[in-house]
Amino acid sequence: MNDFPLRLRLRRAALVALLLGLWAPFKVAWEQQISRQQDEIRYHGLVMTRELRDGLGQGLTIGVLSGMRSVVADIIWLNVTTAWENQEWFRMGGLINLCTSLQPRAAVFWDMGGWHLAWNASVAAMHDKDQPNELRRIKASRYWIDQGLDVYKRGIENNPEYWRLWRDTAMLYDQRLKDYPKAAYYYKEASKRPGAPVFLERFPALMYDKYHGNDDQAAYAEWKELWERLTPEEREMKEHWKEKIENNIRELERKLSVPKEKRIFPN
Amino acid sequence: MISSLHRILIIGRNTLTEAVRQKVLSVLLVFALIQISSSIFISQLATPDLDAAGLFAEQIKLVKDAGCGAIGLFGFFIALLSTALLIPQELDKRTIYTILAKPVRRAEFLLGKFLGVVLLLALCVALMSLAFAATLYWQESIGLATVEANYGQVGDWQHNAHAREMHDNDVALIIHQVRDPQLVEAIVLIFAKIIMTAVIALLISTFATSWIFTIITTFLVYLIGHGEGMARTYWLAHGAETTIWQSGLIGLIALLIPDMNSFTIVDEILAGHQVPWHDVLNLLCYANVYVIVLLAVSVVIFDYREL
Amino acid sequence: METSAIAAPPLAVETIGLTKRYPLTWKRKVLVALDHLDLQVRQGEVFGLLGPNGSGKSTTLKLLLGLIVPSEGEARVFGLSPDSLEARNRIGFLPENPYFYAFLNGDETLRFYGKLCGLSGAKLEKRIEELIDLVGLQNGRERPLRSYSKGMLQRIGLAQAMIHDPDLLFLDEPTAGVDPLGSVQIRDLILRLKKMGKTVIFSSHLLEQVQEVADRVAIFSLGKKVLEGSLESLLTVNQSTQVLIPTEMTPQQQDKLRQFIAQGGVDEKEIRFTRPHLSLEQLYLRTVQNQPDVAPKEQSRP
C-alpha cells in the first residue's frame, strides 16, 4: 500500500533526477580522467578476450570481472607449480601464458614462468629418458629455452623497471646460451634499474672477461667505465674485484696498444 | 546543525552497538582462520633451487593477494548484508516509529544508520588488517630464516664481501616487499570500495520492498560496475553509431553506475609497483563525492517514503 | 454538563478535514483509513479514542505524530505542523507494541531516547533515575529488553515517552497486557499528569478504564468519527436521579420511601431499589492488596 500525494511524489522524482542529472557529467568526466591517470602508470586494463574467457571458465571469469583478478591469477599459478611437479611442460606453458595475460604487471609471473621454461623444462627435456636421439633432445631443450627467453623478454616489455627480469635474461644468455655480449648488455640494463644490487654493475665486464672473442674494445670500454665509477678512495682500497678491474684494464690496454697518454694505467 | 550531527552520531553508535551485540564480528573469526590456514598452505609451496629472495617474491605475492582479497571479499559481504537489512529491520520491528516520534529528522535517522554501518566496516577492516599484518610478518620471518639457512649452508659467508653483499641484498629485498608502506594505501582503497558497495545497497533499500531484492540488485550493480569503464569508453566513442536502445542502455550504465574497476589499482600496489599518492587521493575523492551524492538521493527518497 | 470557561485553554491538538487514503492498486479501489476528521483537544485534557480495530485510531495517531502524511486536510499540534521538530519536542509517544531495541537494557534505552531529545550528562541521568522510580523498573533496568515481560515493556515505554517531559502524551493501548495492579498505577499516573497540566490522548479497548480517567472521548468507526463529547454529557442518563443509602432497607422501609417520593409526582412503578455492586476490579484489588474498606463504586462521576 503506498499512497503518497501525487505532488509530493513528483517532487521527489524531480529532486532525484536533478541530483543524478547534475552529477552524471561530472562523474563521466572524472572517471575518464582517472582512467587516463591509471593508464599512465602503466595500469593495463584487462580486455576480456575470447581466449582469455575460454581459458578461465565461467566461475573464474566472474571472479576476474568482480575485481578478484589477482586472486584468480594466483589460483591458476598454483597449477603451474603442480604442472611442473608432474612434468607436464606444455600445460605448464599454457598456464603461464594465462597468468601473464591476466596480470601482465605482476612481474613475478614472468620471472618464475621464464625460469620454469628455460631451466626446468629445458633440463628435463635434455635428460628425457623417453627420447633416445640426442639431437632431438638438444633440439627440445633449445625449444624450451627459447620459450623461456620469450617470456622473459615480454615480461621486460611489460615491466621494464623490474631488475630481476633483465638479470635472469642475462643469466640465461650467460649460462645456457653462452652469448656473452648479449649477457653483458642485459646485465648492464639490470644494474640500471631501481633496487638492483650494486654488484651487478661488474657483471658486464665479467662477461667480456669470459668472452674469448674479438671484442676487446667493448671489454675495454666496460672495464674503463667501471673504473671511472669508483671514487678516489675506493680506488685506493685493494679489494679483490677492484684489483681485478685494474688488472683487466692493464691487460687490455696492452693488448689494444692504447697510447700511453690515454691509458689509465700508463705504467 | 551541531544537534543534528549529534543525533546522527547517537543513532550511528547505537547501530554499531547493535551489530556488535549481534555478534557480527564473530564472522571475522572465520576470516582469521582462513587467513592463517591459507598462509600456512602458501608457505608449504616452497620452490627450491631458486635464490631465497626470488622464492619469496612468489610467496609474498600470494600472501598479499590472498590477504587483501579476503579483506575485500569479507568486507563486501558484511557491507552488503548489514546495509541491506538496515532499513527493513527498522520497518519490520517498527522501531523507527519510536525514534521518529522524537525530534529526529528522517534524514538524520538514515544518515545515522549509515554511519553505524561505516563504523562497523571500519572496525572490521581494521581487525582484518591486523590479522593480515600478522600473517605478513610471519611470512617475513620465515623468509628471513630461509635466507639465513641457505647462506649458512654455503659455509663461512660472512667473511666473503661478495657473499655478504648478496645476503644483505636478499634480506633487504624480502623486508622491502613485506613492509611496503603502500599496503596502507591498498587497504584504504579496499575500504573505499566497500563503502561504495554499502551506499549503493542503502540507496536501493530506500525504495526496495524486500531485502532480498536489495541484495541481488546491489550485487548486479557491483558486477556491472566492473565493466562500466568499457561501457563508458565505448559509449563516448561510438554512442552515435548504435541504435537508440543500445546507446540508451550503455549510456545509462555510463551515466549512473560507478566505475568499480578503478579500485583494482590495488593490484598494482600488491604487485609491488609504485602508485603515486595523489592518484590514490584522486580516486578517494571521487569515491567520497559519489557517496555523498548517493546519500543525498537516498535521503530524498527516504524522506518521501510511506512508513 | 459541559462547562464553558470564560477563557478556554488553548488547543493542544486540532485537525481540520484530516483525511488519509490508501490506493489498493490490485483491486483498483481506495481504502479510506480516515475520513475528514475534525477534532479538537484542549491543553490539560485527557482524551480517549475509542473504536474497533481498523476504525482509524492508529491512523489518527500516526498523522498527529508526523509519521505519515495526510491525503487531505490539516493537523496541528500546539499550532505547529506535526513533522516539525518543535512539535515533536513537546510530544511523547507510547506505541501499542514494544517498538524498542531489544538488545539495549532499560537504562540504555532511556539514555538513547533521552539523548535523541537533546538531554545529556547529569541532567539526563537524574531524569532516568526519576523515571525508573516512577514506573517501578529498578529490578529490570540492567537487563536487556528482550528479557522483559509485557508489563515491564509497557513501563519502559511510558518512561521513554516521558523522558523529555513532554506537554502532550500519546498513549496507544497503555494498559494492554498489564495486570490490574499495574493498570491502576498507570491510571493514577495519567491523573497525576493531568494535574500537572499535561495533555493526554490515549486509545484503549478497556472501556471501563477509559471511563475512569478520560474527560472527553471520541468514538471512531470505519474511518469516521461518529461521536464526540465529554463523558459527563454522553453517559449521563437523563431524566433520573440516583441516591445511595449506606444501609440495608427492609421491603417495608422501601415501600415507605417509594410512597414519599411518589408524592413529588413520580410514577411509583418507575422507582427501583437495587443493591449496589462492587466492580470486579475493586474486589480483585481488595483481595490482592488486603484493603477491606474499598467503597462500592458510585455510578456517577466524581
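The chains carry the letters A, B and C, assigned in the order they are written, with residues numbered from 1 in each.
Note that in this section a contact is a pair of C-beta atoms (placed from the backbone, for glycine too) under 8 Å apart; a residue touches a chain by one contact, two chains touch by 3 or more.
The structure displayed is predicted, hence computed values, not measured ones.
**Q** By count of C-beta pairs in contact, what is the leading chain pair?
**A** More C-beta pairs are in contact between A-B than between any other chains.
**Q** Select the chain whose centre, defined as the mean of its C-alpha atoms, is least distant from the mean of all protein C-alpha atoms.
**A** Of the chains present, the most centrally placed is B.
**Q** Centroid from C-alpha atoms only, then distance chain B to chain C, rounded to Å. What do you get?
**A** Chain centroid spacing, chain B to chain C, equals 53 Å.
**Q** Round to the nearest whole Å and give the separation of the Cα centres of chain A and chain B.
**A** Between these chains, centre-to-centre, one finds 29 Å.
**Q** Provide the C-alpha centroid distance between chain A and chain C, rounded to the nearest whole angstrom.
**A** The computed centroid separation for chain A versus chain C comes out at 82 Å.
**Q** Among the residues of chain C, pick out those that touch two or more other chains and give their numbers.
**A** There are none in chain C.
**Q** On chain B, where are the residues touching two or more other chains?
**A** 306
**Q** Please output the residue numbers of chain A that touch at least 2 other chains, ranges allowed.
**A** 1-4, 8
**Q** Which residues of chain B touch chain A in their complex?
**A** 45, 47, 50, 54, 57-58, 61-62, 65-66, 69, 72-73, 161-162, 165-166, 169, 173, 176, 193, 222-223, 226-229, 232-233, 236, 254-256, 258-265, 267-268, 270-276, 279, 282-283, 286, 289-290, 293, 296-297, 300-301, 303-304, 306
**Q** Show which residues of chain A lie in contact with chain C when the two form their complex.
**A** 1-5, 8
**Q** Touching residues of chain C toward chain A in the complex: what are they?
**A** Touching chain A from chain C are residues 20-24, 31, 69, 71.
**Q** Tell me, which parts of chain C touch chain B in their complex?
**A** Interface residues on the chain C side: 62, 65-68, 85-86, 88-89, 91-93, 95, 97, 99-101, 103-104, 112-113, 115-118, 160, 164, 170.
**Q** Under the definition above, what is the set of chain A residues touching chain B in their complex?
**A** Result: residues 1-4, 8-9, 11-12, 15-16, 19-20, 23-24, 26-28, 30-35, 37-38, 41-43, 45, 62, 65-71, 73-74, 77-78, 81, 103, 105-108, 111-112, 115, 164, 195, 197-199, 239-241 of chain A touch chain B.
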